[in-house]
Structures are given as structure tokens and as C-alpha cells.
Amino acid sequence: MIIIMSPKATQDDIKRVEERIRMAGLSLHLSQGAERTVIGVLGDVRQLLPDSLQALPGVERVMRILHPFKLASRDFEPNPTVIRLPGGLEIGSSRLVVMAGPCAVEDEETLLETARAVKAAGASVLRGGAFKPRTSPYNFRGLGKEGLELLAKARKETGLPVITEVLSPQDVDLVAEYADILQIGARNMQNFSLLQAVAKVDKPVLLKRGMANSIEEWLMSAEYILSGGNRNVMLCERGIRTFETYTRNTLDLSAVPLVKKLSHLPVLVDPSHGTGSRDLVLPMSKAAVAAGADGLLIEVHPRPERALSDGPQSLMPPAFEALMAEIRPIAEVIGRSA
Amino acid sequence: MIIIMSPKATQDDIKRVEERIRMAGLSLHLSQGAERTVIGVLGDVRQLLPDSLQALPGVERVMRILHPFKLASRDFEPNPTVIRLPGGLEIGSSRLVVMAGPCAVEDEETLLETARAVKAAGASVLRGGAFKPRTSPYNFRGLGKEGLELLAKARKETGLPVITEVLSPQDVDLVAEYADILQIGARNMQNFSLLQAVAKVDKPVLLKRGMANSIEEWLMSAEYILSGGNRNVMLCERGIRTFETYTRNTLDLSAVPLVKKLSHLPVLVDPSHGTGSRDLVLPMSKAAVAAGADGLLIEVHPRPERALSDGPQSLMPPAFEALMAEIRPIAEVIGRSA
Amino acid sequence: MIIIMSPKATQDDIKRVEERIRMAGLSLHLSQGAERTVIGVLGDVRQLLPDSLQALPGVERVMRILHPFKLASRDFEPNPTVIRLPGGLEIGSSRLVVMAGPCAVEDEETLLETARAVKAAGASVLRGGAFKPRTSPYNFRGLGKEGLELLAKARKETGLPVITEVLSPQDVDLVAEYADILQIGARNMQNFSLLQAVAKVDKPVLLKRGMANSIEEWLMSAEYILSGGNRNVMLCERGIRTFETYTRNTLDLSAVPLVKKLSHLPVLVDPSHGTGSRDLVLPMSKAAVAAGADGLLIEVHPRPERALSDGPQSLMPPAFEALMAEIRPIAEVIGRSA
Amino acid sequence: MIIIMSPKATQDDIKRVEERIRMAGLSLHLSQGAERTVIGVLGDVRQLLPDSLQALPGVERVMRILHPFKLASRDFEPNPTVIRLPGGLEIGSSRLVVMAGPCAVEDEETLLETARAVKAAGASVLRGGAFKPRTSPYNFRGLGKEGLELLAKARKETGLPVITEVLSPQDVDLVAEYADILQIGARNMQNFSLLQAVAKVDKPVLLKRGMANSIEEWLMSAEYILSGGNRNVMLCERGIRTFETYTRNTLDLSAVPLVKKLSHLPVLVDPSHGTGSRDLVLPMSKAAVAAGADGLLIEVHPRPERALSDGPQSLMPPAFEALMAEIRPIAEVIGRSA
């Protein structure tokens, strides 16, 4: 940690900072520049909160040297994490994993029809929401437990493992009973009670990036789950909020190679939510694969115009089949199978 | 609602949209322009989701005419909502309400010392966190129930009502037992399970704006609480996330007059989190009052450099006293007391 | 155009709007809803500024139906524009065009060395700045005319056409004398004097997206050049400004398929400026090609640590050669040559 | 400057950085931590570009300690700059300066009518655009030289000094002949040719903040003008671009006290462009004054619905008079006259 003193800092101010560092059992190096005094702190500074130093009189700025995440970092674990599902599916290995299905589980027939279609096209996980976060209290918020049962039925019929979102700590055990992967949605990326709850279950977690969250905060939320005891965490970029209004979000694909450099966790991309527009799902899926994503989440619905949520960005089964056919050769070119 | 068809839309595409609108029991007006067909929908469109129309072939754009919030809107309730606390304090009336105290409740002595100081300076509510949302799992996350008990003790001694944050639906009943106002933090603005839970209790709720949430989404989250049965909702602007890095957030003061125009709910401002810097709390408090805020949330700590969170933005009691002295004449000039 | 009246609008307010529309020679359709009156305007509304209607009493909102750009739109010109350079190179056709070279032209030897290297690796245009926009007045701002002469020399030796930035209307004629393509940088995307000046010359223009500019504003800036008489405009996405700080900018690749849908102009991508980091240039180049970009701008420098600007994002020639080798098969898979 | 080496950096990498620093005539301090080597550079690092060090192998991050601006900083000049206009008006002293007038100069009658009205209400500078930056090439772009002549006429009649925007380096001499203050608009904040041109004239410059520019970049643009020889620079906050769509921009009032802390230059606020909405101009003007702004820029037009640009945010003269009456007591309360 580096502490930059204000040009107006007195000798007393500097001494107070030195004492505080020594009290924490750390050593320091003081460098008296022409315009400012700079103090370098040596040792593990985790117990010395940057915040508390910043609050001392005469301190201009405190700069961290190390990333604040540890278990999530490549420094800690140089080898990529591979997550293994019961049926043998691996996430984070050389095979590209495509998770597809409707935004929300609506009824048995539609779900089964979709599940069969995405399986036939080559998807390896079925997605579908039983608990739906909705901006408006007047919109459809999912079938709840009934939706989970329908997902289980679809898994039984197709053999596809199932991913579904959990919204609340109270629901974690219930959802974990049915789902193969628990999804933490973008709006809950910093719902720390929920992160702690999914850290306690024995199911992999897919953690979506919050729409206004930095990559550092995203990895810190992964750190919550990892440090709470669940090492099977995968990340999913789904678009961030910017000033642009022609797209629903701005899909930040550079997050894929960047997170792979900083962390050992698998990274997937959700181009459906990331763009909000059916026409952009195909090109952005291709781009995500080319950028090195370990997998994709794609919304598929047989009748998007009747979908109870996110119809405009859902592909119909034939378009999804075409997408699978177009991403496969790109995956191969970069050394993956799909 | 206005539906703009693509220039390539066929007669069949247009017919399909018309049918869908009529199926919903609504009437329409079709206008054939030179370049595009535009369809206006008449009647209450709440059951006709814009999403599902957007998903129909040939539809270019769907534009809403009415705001999506109803109970929160001025159209619904033209008179400003005034929230009354047990001791008689009113929020949303002519008196400016200042809520002050430490970011986190740390120990009895510090809390009582702060409570006495802020009361003496003129604050009318004591703030303090017992459950703290923290970006890092390695930071202090609050004293929990013990913190709530200390807040109750401080209330007993000073007579100040107490506001504290609730992080999880399971904790709502516990927190409501102790607190006079429940706070929903910025990271939980779209934690819909939590919004539904606080809608069920008989305590006022202060809803902070999420750091990447639009004013519309903010009012929709208020709508969750209002439509769930709790009409005592106040809003709090606390800074949004932008590209600027010299401040922790960008305090959007224009939200104050704008929300007062769109809604009848009281609006407060938190310049401590909104700027992240002690030096900016005073000028931005003055600006917030001048912009018409109904109240302020200010972090006060007797020894900011020992605070377990948010030290750099906490004022010491003498600075808080000075702040109260400086905002009072501004409040008076704009017709408020403080 | 749709005009939504406030619920408080009087009959007089509505009449005033009607008159104003009729004065402009346009017809209208009035729809009296339960909560609001909505006025649809028929005909070409270009002379009726939305601004002036918004300023009328009782008007709540004015919504445009048509995109404000015309010459740049697909509606106006359904076939993709292909730009042909003197030597026969085509931009916007099936061949992927890679423009490579140093950020700034520094000296003859370095430039020639780089030019030979990028040509050998398969680049088809040489890039290099003679006039450099720099945030700090104390940084190197380019060699000016001498830089242009060195670029001409490099073109003579390698046969590569040359692209270089022009910063000021006064320099347009000089730069156009030497360059094969004029570049308008991100900071000048809305420098309208400059746009008008390049509209007058007989050289293709590459228009970079401003770092805080929407896609609509970008196409409006293209419209300036097109309507000013220069039809050879290509666009270049180079990252937008967001809250994320781990990357210099957020490269918005979804802009590529979106602009191709809205417009007939070719779209290139600059992953060097778009990410600011050497490690990200390769994966984002692959992603850009997969997303459908017509070309790439890549910074290459033989000794990045001595570069006078943008060293950290410059590739050394061997890394550029590897990049060309990796993007070629992706280009082929999506039906392009490279 | 602090250089953080990657954990994978070799001894050779570290040596290369050391050599580079010594070559620049600077000394250094090397600190070998458990996880990373950190190098502190002593002395004036201006000639050692952070960029070039960042490009060296093994370097993870380069962190600046000093602000990059110098002439604009409070460290350089502790006393506030006061700008004096020929008629004796001071900007940056205790009197609040209000600049008011139409967005664009349209015709003699309207301009004179507005000038008289704003003078009567207490404005001390007349604003009005003769050269207008417009997003669309099809919109009114100002009267040019004729507009300047009308402004001069209005000055002659009212005695109010005149501020007007200059868009292009070629126009600087012409505009400087007529105007008392040259305005650099938000879109031109990083038009470095223009900054250099206004640095050469003997007229004060008002530099608006770019809508996506950080406070640091804003002060660097001021540095261009100051270092080019013109010391009479004032700054103007006019809203930044964020995700919020209910306002045209997000007015960042915290920039006012922050810039006053970092710099000695006067800071004004433009709530008309900063909000884009007439209803918000009054509350945000009050807030700006309370936050410590040295002045305001307000758009006033006698018939906003006929204004050729920015009608929706223009006040009519009576509303402007009311605004002046409401900000005066706030100015007085914070120790200013108005």
C-alpha cells in the first residue's frame, strides 16, 4: 500500500500515519519528495483498512498495490478451474458449453418443446427461470416451486442439466434441490446475504456481472462465495449500463480475456440480455466465442411474441439451430469443440 | 402505446399486431405514413406487455406513453406524502429532517457519544448500520442484533428515532422490531424479495437509489413497496456511478426536483456516500437543501480514522455542528425550517 | 412524430400545438386517451424541430418516429457502400482490411521498419499519426508536415496506402495531399467545422466514434460528411467511456452489427485504443472479426517502450504477425478473406 | 511515480526499468515485497512518460503521485484567480455573475428584447451563440458574423459584456474582435487546435466541461490555454453523460467544490444545458449557488417555442426575473452578493 501525504501535511500528520502502520505490526518506507511525502507499507495490509488511513489528517490518497481478491485470483490458483456436473459435463475445459432455454418457465408444454429443441441443436444445459426478478411489480414473476418441478421434468426427459436463478436466501435450499447450477442474477451480484447462502450449498453457482459493477467488484462477489466454502463458481458477462440506448445494455466482451487473465474461474457470456435484441444475438455469440468465452447463455422460445418476459431477445428454435451451426466452426478455429 | 412498424413490415405483420391488440380488448388507430406504419393503442395497456409486441415480426419499436409507475406518481396522488414517526416527527413536510450518525454501529460508547453530539447539533434521527453490505468478504459486516440493541439504547437515551439498514428478507421482522425507519441500501434497490418483505411491515421505509438505476426504475421499486401495502416510503438520492473517479459517486441532485415533479414521495439526499469525501459533504448538503430535498443523511463519527467503515467521508461532531449552522439559513431562505 | 400532452394541458395548449403543426404544412391526428391527449404528425417533419414543440406549454414529451439520419441510413441506401482506394483496395467488400502502424510517426527509420513489417504480415493500409491529439499540453504532439512526408515515403517504399488523422480544418488540404484516408479521431467526432472541411475533399474519411457518443450521434456526424458532398465515409468503433477502470475504454462490439443494420457504411474496429492493453488486442481483434467488422486498426511498434505515445497497447511485429495468422481462419469461417 | 512489477517479472525486467529511470536522470527506491516488487521514482517525472514505462515487459501498473496539471493547480497558485472584464466586472470574486441570453442569436429584435430583459433582472453578461454546434447538419447553425454584430449592438445598447462560442481556430480572431469572453463548448473541450488558438488571444475564455470528460481532463484542457499564454480561464460545469434519460445530462454539482479545491480558476454552472428542462433550471440554479459556484449561465428567450435551438430549456423573461430573486438570498447567505 502507498500513502500519499498532502503538500500541507505536518510532521505530526506524518507521524500519526507511521504510528498507525506500526500499530498494525507492519513496517514502512518513507520517501520525502520535493512536493509530497510518500509512505510505502510493507507486509500483508489486509487488516489495515485503506479507508481508515484515508481518514487520517494530512493524507491525500491511499493507493492499493495488490488486487483485493485472493481466492479468485490467478496468483492464488494458476490453473483454470473446471467445474464438473453430475452427468459428466465440464465447464471451463476445452468444450464450449451452451445453456439455452426460455427466459421464464411458463408451462409444461412450452418448456418441454423448447428443451427438446435446444438439445437437438446441441445445447448442453437447459436454462429457465422459476423465480423472476422484474422491474415492475405488475409483471409475471415466475411459477416458483411449480417452475422448478417443470425444470426437473424437462431434465428427466432430455437428460440436460438445469440452471435456474435464485432470488432470495430463503429459497436457496429449495432451488438447490432441483437445479444443477444456481444462477445469481445481475441485480443480485452484491446481495451479500444471497452470496453467503449459495456459498453453503453443494451446487455450482453462475454469478452474473451486475450492470453497473466493475470487474473488481465482480471478482469480490465471487470471493464471497469461494471464501464461504463453495469453490464451483463460474462468471457470466451480460452487459453493463452505459449511455447508449440503441442496445439494452453494452456487452463488455473485453471482460472475457481480462477476467481469464486475472482469475482462474470460467467465464460465460449472455448475449441475449447483453444486447436485448434478437438480431444481435448471433453476431455477439460469434464474437464471444472468438474472444475466448467458456460458454454462452441463450434465450430460446418457440413463440417469442407470447413469452411472458424478454420475448424481443429470444430466438426461435430454427434460429438457435443456425446459431449453433455458425459458432461451431469458430470454436474449432480457436481450439475448442462445441 | 405507440407501435412503429419497420419499413419492411408486410401487411400480414401489421395484421398480426392489430389482432394481438384486439385480443387484449383494446382499440387502435392505424396511421400509414410515407415511410412507416404507426399504430396507436387506446385504453389501459398494462396487460399488453410492450415486450411481447416488440417480439412480433415487423415491429421496429414500441414506445410507452404513460409512466409505468402508478401509486408512486403525482398523477395518482397530487398531494405530497408526509410520513409521521411515533414521536411526532414529520418527513416530507416543511421542516428539513437531518438523519446523522456513524456508518456502522461499532460499540456502545462511540454510538452514545455520537448520538448525543448529533442531537445537540440539531439532528432529528439517528442513523447507524447493524447489518453492513461490504464489497469484500474480509471487511467488518456489522454487529447484527447487538447493533440493533445498541441503537435502541441510544434512542432511549436521546429520544432520537432510529434508521438502520436491512439486508435480507429474513431479517426484516427483527430489524422492524428495533428500528423506526427501515433503510433499503443502494445495492438492494432491485432486491425484489426484500422490497416485498418490507412492504409487509408497519414501519416507514427509506429507499436509496441504486448506483446504476434510472429514476424510472427507482420509482418502480417504490411501487413494489407501495403496491405491497406499505404507503410510508421515502426516497434517498446517494450518487450514481459514472466515469468520474475523483468522486466515489456522482451525486445527481437534479433527481430531487425531478422526483418531486413525478412523484408525491419525500426525497432525501445522502451527500456522505454521494461524494465519498469529507470536504464535499458540506457544500453538497447546502446544494441539496437549496435544490429542495426534504432531508439529509450525514455520516458522523467522533474518530473517523478508527471507523470500521467509511471513515473518509465521516464528519467529526464539530464539523457536523458547523454544517447544521450553515444549512439552517439556506433552509429558511427557501421556506423551510431546520 | 408523436406529441404527448401533459394531463394538465388545456384545450388552448392543444390548439396551439395543432396550429404550429398546420403552419408547417403538415397534417395531424389527434387521439384523446383517458389520461392524456396524443397528437400524431403526418408528413416530413424535418422542418418542424422537435425542440420547438417541446417548448410549447402543455407538451409533456415529443417522440421521434424516424431516425434523424437519412443519407447514412439503410432505408436510403440498401446496398453496402464499398470504398475503393487508388491502388484497388476495397473497404466494405468481402475482404477484411487491416490498417496497422505506430500510434505516432516518430522518425524515418522506425516508420519504415514498421511499415515493412506490417506489410509482410498482411496489413493492407499503413496507419500513423503526424498530428496527435494529446490530453496534456506537455506531451509529444506529432511531427506535423514532416510526419506526412515520412508517411508518403513509407507508402512509396511499401505500396501501402496511408491513413492519418487530421485535427483542424486548416490542415485538411495539407493532410489530404499526402494521405489516402483521412481519419477523424474520437475527440473530434462532433467537431462540426472539421466534419464540414473533410466533406469538401476528394479522399475517403474514417470517422471514429466519440467516447461518449451514441450510435445515433455517430451516424449524424457521418451525415454531416455525406450531406457535405463526400460519400466515402467509413466508421470505426474504438471504445466508449464507462465506469470500468481495468480497461481504458469499453469496446462496444455490438455497435458493429447494429450499425450494419442501420447504415450502409463500412464499420471497422480499433481494439488497440478500445482496450488500451496489449494483452487484449488479440482476443478483441478475433471477436471484432467474428462480429462482422469490415476491418481493424492495430497499433504496431517495434519498440513499444520507446514509443512517444500509446506504447502499452502497441504490438511488436512478431505479435502482429501472430494476430494476422489467428484472425485469418476466423475471417474465412464467416465468409471473408483476410 | 510508483511502478508495480508483475509477480512474474524477472530480475532482468526489473533492471530494465531501473536503467530507464536512471537514463532519465532520476533516482529510485526499490521495495521487494512478498508478492511484488515496487519501484518508487524520485524527482520530476514529467519527461518520463508513464506510458513508456507501462510498455516495458514485467510492468503491471504505473501509478502517478502528482496531478498532471500544474499551472491550473492550487499547489501552483494558492490564491483564487479573479478575471476582470473591461467594464470592471469581476469573475471569481465575491459577486455572483449571471450570464443570460438566448441559446442562438436569431434576429436583432429578439436579441435586443432579451438583452434588455436580462439586464433589468440583474444579469451582468449577455450570452448568445453566433456559431452553433449542432448534432444534425440539417439544423440551424447560427448567423455567424452577422450574429456577432448583433451581439455588439446589444452590448452597445445595454452595456452588458458579451460571451459567445467559437467553434473553429479560423474563427478565433473574428470572434475575439466582437466578444468579451470566448466560450469553448463541451464538444470542443478536447479540440486541442482550438485550445491553442484561444490561448493566443487577449480575451478571457470560458471552458465548458466535455460531457464525457473527467475533472482531470478538464483541468488539463485548461492547462493547454494557460500554458499557451492566456491566464484568464474560467470553467463551466454543464452536465455529464450518464445512463439516466429523464434528464438530458446529469449536472455534476460536486465538481464545483472539487475544482475549487484542486484549482484556483473560477467555476460557473450552466443549469440550462445541464438539465435540458425548464422546470429544473430554477432548483438547480439555487443548488449551484449554494454549492459555491462563481456564476451561472442561463438560457433566456422571450418566445421559447419559436427558438431555433434549445427552446425546452429556455426561461421566459418573467421566470428569469423570478430566478434572480430566488438566488439572491441564497448567495447572500453564503457570503456573496448577486
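For reference, chains read A, B, C and D in written order, and residue numbers begin at 1 within each chain.
Operating definition for what follows: a contact is a pair of C-beta atoms (placed from the backbone, for glycine too) under 8 Å apart; a residue touches a chain by one contact, two chains touch by 3 or more.
Here the structure is a predicted model, which means the values were calculated and not measured.
Each chain's centre was taken as the mean of its CA atoms, and the one lying most distant from subunit B is C. The interface with the greater number of C-beta contacts, when A-D is set against C-D, is C-D. Averaging C-alpha coordinates per chain places the centre of subunit B 31 Å away from that of subunit D.
Chain geometry summary: the mean Cα position of subunit A and that of subunit D are 38 Å apart. One finds 26 Å separating the Cα centroids of subunit C and subunit D. Counting partner chains per residue, subunit A has residues 212, 241-243, 245 touching two or more of them. Within the complex formed with subunit A, the subunit B residues making contact are 20, 46, 49, 51-56, 68, 133-139, 141, 167-171, 187-188, 190-194, 210-212, 217, 220, 223-224, 227-228, 241, 278, 304-312, 314. Put simply, subunit C touches subunit A in their complex at residues 212, 214-216, 240, 242-247, 250-254, 256-258, 261-262, 274-275, 277, 279-280, 283-284, 286-292, 326, 329-330, 333-334.
Interface of subunit D with subunit A (complex): residues 2, 4, 7, 29, 31, 33-36, 38, 40, 42-44, 63, 65-66, 75, 241-243, 245.
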